[in-house]
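Since the structure comes first, as structure tokens, the remarks are kept for the end.
Order as written gives the chain letters A, B, C, D, E and F; numbering starts at 1 within each chain.
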Amino acid sequence: MKFGVVVSEGPYTHQAADSAYLFVKAALEAGHEVPRVFFYHDGVNVATRLSVPPQDERNIQENWTALAKEHELDLVVCIAAAQRRGMLDENEAKRQGKDADNIADGFRISGLGQLIEMGIQTDRLVTFGD
Amino acid sequence: MTTKKFLYVNRKAPYGTIYALESLEVVLIGAAFEQDVSVAFLDDGVFQLTKGQDTGGIGVKNFSPTFRALGDYDVTKLYVERESLEERGLTEADLQEVTYEDEDDDWAEKPSIRIISRAEMADVMADQDVVLSF
Amino acid sequence: MSTLHTVNKSPFATQALLSCLNHCKDGDAVLMIEDGVYGGMAGSGLSEIVAEKGKSVALFVLSPDMTARGIDASRLIAGVEGTDYAGFVDLVAKHDRTQNWL
Amino acid sequence: MSTLHTVNKSPFATQALLSCLNHCKDGDAVLMIEDGVYGGMAGSGLSEIVAEKGKSVALFVLSPDMTARGIDASRLIAGVEGTDYAGFVDLVAKHDRTQNWL
Amino acid sequence: MTTKKFLYVNRKAPYGTIYALESLEVVLIGAAFEQDVSVAFLDDGVFQLTKGQDTGGIGVKNFSPTFRALGDYDVTKLYVERESLEERGLTEADLQEVTYEDEDDDWAEKPSIRIISRAEMADVMADQDVVLSF
Amino acid sequence: MKFGVVVSEGPYTHQAADSAYLFVKAALEAGHEVPRVFFYHDGVNVATRLSVPPQDERNIQENWTALAKEHELDLVVCIAAAQRRGMLDENEAKRQGKDADNIADGFRISGLGQLIEMGIQTDRLVTFGD
């Protein structure tokens, strides 16, 4: 079965990004497909490569990047939500005249249409948020 | 492309948090995909539709007029829960008017807001393919 | 000695206002801001509890937040007073401490 | 046709669980996750409401979240079942749609 | 340096959100400033102190043992509201033991957790110079 | 009178950063001092210079930076909260081996002690959060 997953809250602040990660792992282990994970609202902050959590805490971004690499996941960061919150990739930074970017490997920035498309193309949609 | 029943569920008040605004952005973008769209307002979500919102004093953008544009995007089913209104001391008269032009009825102007009971809201929810919550 | 309490959540969504009212003392003030302003509305399922507390504590709503949400001052519970940001500042200065119910 | 509902908020802090229980239909399932697991505890001021709903809908708590918070399975309301992430996945697959009460 | 009465107010459950953990970080750092520190646990904040927390299954750090270190930082007044416990079906026996050594009483080991009524909690709150809420 | 202010939630997502901004402005206009504003929890995200809000929305970071410049405000971003959430200044980026930083002008990164110090040195403390 195909599962679409939405992450709506930021890392560390809310458990949503952790719960979603464990859910996606379990879904993949059970033989389901997860064609896309969509990061919306503060969920876009999961994608920053600049976080430095304490050594005895999990690294949420690295967890997602590793899972994406292992299973070729499509991790999509909503561009509208990301712009408000200061999440940019190299192209966006150039386009917006910003002198830095902060999106980690394994995440890509795209439009809200990708959320709707995910709803259309998957069998189930699960949101983790606040 | 497959047509699915999409329900956007709004349970939060506007302005204190961004969910109401970012939900509306999804509804507008989603309209381009020509799905069967419904929008639900219950609990504090009913506050999103109050008329007379004026955000000049808090420096935040007033997005409430955007609801009136939904008809142009063929989003014509805005379900509002009666019990949620009542618990908050609101009536239909406190909500802004949102209408659409019915192309199947000689473009007659019709109300988009449908006040329904909690039991009917549960029926609407149970009749969907995709439920997006904000 | 008295306290200014602020509440920024809708009383229909969370327990913050109720908890605040349960802990404030006679002579304190409660200022409802952001989504908290809904707590000042008359005619709701919670209005009586709020009005009753208004007998022993001073109740305020932040008017700019009220106006933003389309609530007219005529909808406020009797005794609940609207104030602007300058009034908010005065309330903070006037009371000995501020406690924010988040 | 049935729905899996998830609730991730403490029922003592927000109205999410109550609103969920008020809208789910016979044969639906409700899975309490994150801070929502407190809704599955026996002996609280809300246990009776939850237990009563358990007669018409299937109630679950996510065990890893329960264990994290120091709640032993023996503390659950009779009829509320613990499940792990694999069980969560199965519940999503088994029901026709998922509705998340945030 | 001035000595003030600081109260840290905890009203949120652990792990679902970070407030409980980041509140504890403030308390620990604040201890170095030698103020008169109290910590209040009410509403869902009482869940922070439950014993037997084991976060292995959710991949999040278990910070509950840190409460037991507070005594070493001279943070010895942890006020827990009885009504909040009762509404949640909890008793003192569900909470972990937190103690400190009383230097004024030959280093006798004493409990840091003080179960108080709602009215007493209101008194504690009204007796502070600075109230920090999480 | 001296007011200390804490901002505990992220920009746009919660109204806290807007309310705090209007409160600080009003306090200064009334002749009070605001020796410090402390950004904690997701409040640290207010300090990003990479945000690009829609043109018809306020720019929260620029509002704060301008107010800080006008009144010589001390805007302190908590280092522990900032590290978790990927907010770094140039020094921190270097120290942590990160290839970019994102803190805007007018904000400085420092420790939680600055929050306690603010509580000790001001007459009133007001928190805007979630």
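Just so it is clear, a contact is a pair of C-beta atoms (placed from the backbone, for glycine too) under 8 Å apart; a residue touches a chain by one contact, two chains touch by 3 or more.
Source: prediction; values computed, not measured.
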Chain-contact steps, minimal, separating chain C from chain A: 2
Path length in steps (a step moves to a chain that is touched) from chain C to chain D: 1
Same vs different contact residues, chain A with chain F, by half of numbers used: same
Interface ranked first by C-beta contact pairs: A-F
Separation of chain B from chain F, taking each centre as the mean of its C-alpha atoms, in whole Å: 34
Averaged-CA centre spacing for the pair chain D and chain B, given as whole angstrom: 27
Chain D and chain F, separation of their C-alpha mean positions in angstrom: 38
Distance from the mean Cα position of chain F to that of chain A, given in whole angstrom: 26
Chain C residues counted as touching two or more neighbouring chains: 8, 12-13, 15, 34-35, 64-65, 84, 97-98, 100, 102
For chain A, residues that touch 2 or more chains besides their own: 12-13, 15, 19, 22, 41, 54, 57, 80, 125, 127, 129
Of all residues in chain E, the ones touching two or more other chains: 15-18, 43, 58, 60, 130-131, 133
Set of all touching chain pairs, with the criterion as stated earlier: A-B, A-D, A-E, A-F, B-C, B-D, B-F, C-D, C-E, C-F, D-E, E-F
Touching residues (chain side chain B, partner chain F) in the complex: 15-18, 58-61
For the chain F and chain B complex, residues of the former touching the latter: 12-15, 18-19, 21-22, 54, 56-58, 63
Touching residues on chain E, where the partner in the complex is chain D: 12-17, 43-44, 47, 50-58, 60, 62, 64, 86-89, 94
Touching residues (chain side chain A, partner chain F) in the complex: 10-13, 41-42, 45, 48-54, 57, 61, 80, 83-88, 93, 96, 98, 100-102
Contacting residues of chain C [partner chain F, same complex]: 6, 8, 33-35, 64-65, 84-86, 88-90, 92-93, 97-98, 100, 102
